[in-house]
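Listed below are the structures to be examined.
Two complexes follow with chain A in common, the first pairing it with chain B and the second with chain C.
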Partner chain A sequence: MTDLLARMARDRIFYLFVAPFAALTILFGLWPILLSIQVSFTASASALKPNPSYVGFANYASVLADPIFLASLSRTLLYTALAVVANLAFALFFAMLLDSALLKRGNLFFRLAIFLPVITPDVAGYVVWRWLYDRSFGAINAALKMLGLPAFGGLSSVDTAMLAVLIAELWHHAGFYMIIFLANLSMRDRTLEEAAHVDGATAWQRWWYVILPQLRPAIVINTVYALIQFLKTFTVVVVMTKGGPNDQTNFVSYYAYQLFDQARYGEATAMATILFAIVIAISLTAYRIGDREPARA
Partner chain B sequence: MGTLRTIACAAFAAALSVLPAKAQQLTVWHDLGDNGIKWFEALSAEFAKQKPGVTVRSQSFPTDQWFGRVISALNTDTAPDLIFNNYERVIRIQNQTNKVMDLKALTAGIADKSFLSEDDMRVATYKGRQIIIPIQRVQMAFGVRKSWLDKNGGKFPETWDEVKTLAAAFRDKDPDANGQADTFGMALQAAKPRDLIHMLDLFIFGSGLRHTLIDPDGKITIDQPAHAQVLEEFLKTYSTYRFVAPDTINHSFAEMYQVIEGGRGGMFRVGDWNVRKWDGAQVLNGDFVSGPWPKFAADRPNAVVIGGMRGVAIPENSPNKALAQEFAAFMLTKAAQQASLENVGAGVRKDLDVSKLSPRSQYFAKAEHRLVAYDFPESIHAFYPELEAAFHRKLLAGIANPPADWKAFIAETAKEMRELAQKLKS
Partner chain C sequence: MSPLRPNRLLQAMGYLVATVTSVLFLYPYWWMLVSAFRPTRAIMSDPLRPWPEALSFQIFSEIGRIGGVNLSTYALNSVLITSAATVLGVGVTALGAYALVRRPRAPGFSLVRYGFLVTIMYPYMLLVIPVYLVMFRLGLLGSYAGIILFLALGPLQFFLFEQFFRKIPSEVIEAALIDGASEWQILTRVVMPMAMPITATVALITFLLNWAQWFPILVISRSPDTYTLPVALLSMNSELGSNFQGIMALAVLTTLPVAALFLLAQKRVMEGMASGAVKG
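Right after this comes the complex of A and B.
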């Protein structure tokens, strides 16, 4: 105890500077989460009253027995897996392209073009995408029709709605991941590639065995961030599909929001808590796996 | 100096004599936006004539925020003096706070209230408590784009068969003459439970039936022959008949309005609050006519639907409770109701001056057509929102993958709803 106090006294300037941010984090970050978790243990009818009735894990039992929630959860996990892979692959591909000698001319233009959607307000972007997909006046189907190709079901078909949402999110987020990859690429040790080249490694071998391992920090950060991002997918659903058609884009965040709308506060916060736990668990696991020292041959 | 002092004292005394004994402010929280704020400003000026020194300040919140703020304010004794919203929203406030005042005694003391019907009072009452004073009936009619109608015979469709014929013509005959197949028979919505069931409510009640899904005794009604007929045709409108835009399954209010105001939907819902905007040159420029919802059976009269009731409620912990009650009663007076009609497009009195309104607004204000009110199941069955959400989900599944046999689909849906209602009741 004395040691701790002595250490704090020694580092008092550090704690002084950290204190305001720690207070804000507790007040606006941790406290609402704790309150939300508290609500998940109360009966919905009394959830917002000063003295709510506590029902133990009843809301969790109800949520876990709800087939719509279970379907929504598996759909969320599937969408997250697809979105993380698609975003990272797309971002890595464009980062490599922009880092290569192929795009020396117009490099800045292409960087801006891919990053611009990141700073575009997401609601505005998704509204435009909804219009693009519209089956009666959307540009995508108009173009397909001109080319004599079959129409794209877009957001109104159960077969294509998730893909359509994924494409819109890819447009919005991939630029961010690309910038992280580009930053990592610019810091890599190029002499290793030259050495591999001298040793007779092919372009593919150089990329796979020399460049990619050096991108490990960016891959870890991007993967963890993308997992968090896509597990919580919400705005795109609100703007473009409202969970439809026929629940094909009814991800957990949106389903919990729907329950709020029906005043089922206890179950909604139980869902949010379950999602929170999943996000933490998956993110930490991904981080631990990614941060592990690579095995040496 | 003495003269100056005398003049100053006289001026001070004169100022005191014209100032009210005590300035008071009432606060009202609502979600009516700018029109509502203007309406309460007008009410404040009118109320000050009988209560000098009293001002009424209204604050408008988006509906979601309104819920959160009202619930937390009532639960923490920081309530506004009055709250104003749709009856079903006030029910939710009462469920979460138990602090909405019973207005029975106040209403009993109002002499001039003969215009309030039994239906109005039933809606205002929840679990034996009168939680609102009804202020605005929400009327919803069936609208047709007039210029398109004129190109197709000009007769307002009365029966469902006439509506179907007209809808097909609006879809196929290029009524806007732009050379493109970009028009639809109807503009509807489906995305959220309230969207789709609200549309179904209009067809059901407008056709003269009394319950969309469940009756007051808790019996599921959707497979009763008359109900099933309307439900089947309604679902086909979204699917087999192709009368609506292909993306309607994802459309909520905003998208439905885009189809209407963007000039692509031929028939649509017209709320009394829509008329003022749609009369505008930049919107529909008055290019629509309103009438009752289509008739499905010759022996069952059709109607315009009363789809809601907006009213004023008083929190038990209102800071100025006595004055708030006076203001709530004042909102039923002719002057206050006239202001409501002119600013929000609705009221509950029938003796208001409608001469300044457009013919399309007068259609609602005069209420010369037959009116049928919703049955407001949420005021009887606490589990209704959950049941409705499940019903919506089932209907959306049908629209997304239309079954070969709609009758079997409706029978199966009825069975599932009965099982769920039983479970929710217990």
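Right after this comes the complex of A and C.
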């Protein structure tokens, strides 16, 4: 004990350095999370009162019996899976294209074009996309009509709303995943490809057996980032669809937020806790799977 | 470089794909810009017109007041809140990451680090009620201070600093210790000069990310007086029978400053973001 105190006293300047960081993390991170978990065990009507009444797991039980929540959860998981695959496939394809010897000129222009949406405020980007999809104002349907193609339902059709949201989110996020792939590609060992070429490997074989395994670190990081990102999808729904049409884009974050608005605090925070657990479980699993073999790059 | 000499046909296809995709990615910006200068009725009758009928800046005076607050107030709030949160966040995160890297085994330090990592995983938007409660208890509801303090910390900033401090060779610090330097002197005379470039990168990225923030600002605010441009844009977009041209003009104002800043410093931003993420 005295030993511990002596060590802490010797390192006191480091405690001083870390104090503001720790204070902000606790005040605006851990404390609200714990409060939120606490609220999830109280009755909504008393949740914000000084002496809330505790109801055990009743909120969790009612959430898990709520058909709208279960539908929302399965749609969130479906959307996350589609969005992760679409974003990573697009980003990897574009990174390979920009890294290849094919596009020497204009390379920076293409990079900037794909990356610019990442730093564009998401509200502004999604507002523009919302109106691009619009039936009477929108450029998309006007262009389809001009080309003689059938109209795109966009955000107002049950069949296309999720796709429309996915396209707008890909526009906003894919550039970020692309630059991570590009960073990884630039660190790879190019002599391996030369050797494989000399040994008679085809372009496809070189890509699949030589390049792709070296991209493992970027694939793992991008997958974890994208999973966390899309499980929490929120802003795009607030701006573009408000969960509609017919709950097609009513993902868990947005549904829980709606319950907050209706003062159903207990159930809303129970949902938040469930989503939190899912985010942690899925991203840790992805990280474990990705980390099992030592990365070569 | 590549073992294969690029084949002409393949190259043409590569350029075609890259050009079409880039044009599609940039078109929303062009459409936003053109629509900001066209009357709503003109856009409805011809949404695809590639440039405005006339170049008039009148719309910017028409949206001079939104929701009872001057447009200049929103713009000023954006600059003020973003700058303050960036300065505070960079300082606090740099010091914190430095201490955590130098003394990873000090009692409590790993708790701080894991606490921070857990916070990142929590669905941000669902912190709304508890953050509201915390701000209420601290008496910070509706204040600039509350907004700035909440925005200060971010994952990318932390990872960038942590990664940088881990790369400082221990010999450098040991040499300074042998010369009799105090930890304070090591920080200010040895580490800080080395950390100047990374600090600039982190500050730049933090500024860009904070500029885009909207939800915590909406939650902590008590009135539109503390809204920033994105929050004003969102509330304008949610109004019924909204002024379409005005929305596009406000979207331009929200996007232009960060787009310009990014284009001026694109190399630093893209390399910084990539390296900050790679050690996540």
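Throughout what follows, the second predicted complex is superposed on the first by the 271 of 297 C-alpha atoms of A that agree within 3 Å, B and C clash if a C-alpha of one lies under 4 Å from a C-alpha of the other, contacts with A are read in each partner's own complex, and residues count from 1 in each chain.
Definition applied: a residue touches a chain if its C-beta (ideal position, glycine included) is under 8 Å from a C-beta of that chain, and two chains touch if they have at least 3 such contacts.
Since the structure is predicted, the reported quantities are computational estimates derived from the model, not experimental observations.
Contact with chain B, but none with chain C, is seen for A:68 once the two complexes are overlaid on the shared chain.
Of the two partner chains, chain B is the only one that A:154 touches; chain C does not reach it. Once the two structures are overlaid, the count of chain A residues touched is higher for C than for its counterpart among chain B and chain C. By the touch criterion defined above, A:50 reaches chain B but does not reach chain C.
Residue contacts after overlaying the shared chain place A:4 against chain C, while chain B stays out of touching range. Judged by the touch definition given at the top, the superposed model places A:20 against chain C, while chain B stays out of reach. In the overlay built on the shared chain, the residue A:288 is in contact with neither chain B nor chain C.
Contacts of A:136 after superposition: both chain B and chain C are touched. Residues common to the contacts of chain A with chain B and with chain C across the two structures: 48, 136-137.
Interface of chain B with chain A (complex): residues 71-72, 75-76, 92, 95-98, 182, 184, 190-193, 245-250, 252, 264, 385-386, 389, 393, 396-397, 399-401.
Across the interface of their complex, chain B is touched by residues 45-50, 68, 133-137, 154-156, 158, 240-247, 258, 261-264 of chain A. Per the touch definition, chain A reaches chain C in the complex via residues 4, 7-8, 11, 13-15, 17-18, 20-22, 24-33, 35-36, 39, 48, 94, 97-98, 100-103, 106, 109-125, 127-132, 136-139, 142-143, 146, 171, 176, 179-180, 182-184, 190, 193-194, 196-198, 203, 206, 217-218, 221, 224-225, 228, 231-232, 234-235, 238-239, 253, 256-257, 260, 265, 268-269, 271-272, 275-276, 279-280, 283.
Residue ranges of chain C in contact with chain A, taken from their complex: 1-4, 6, 10-11, 14-15, 17-19, 21-23, 25-29, 31-32, 35, 43-44, 46-48, 91-93, 95-100, 102-103, 106-107, 109, 112, 115-116, 118-131, 133-134, 138, 149-150, 152-153, 183-184, 187, 208, 211-212, 214-215, 229-231, 233-234, 237, 244, 247-248, 251, 254-255, 258-259, 262-263, 266, 269-271, 273-275, 277-278, 280.
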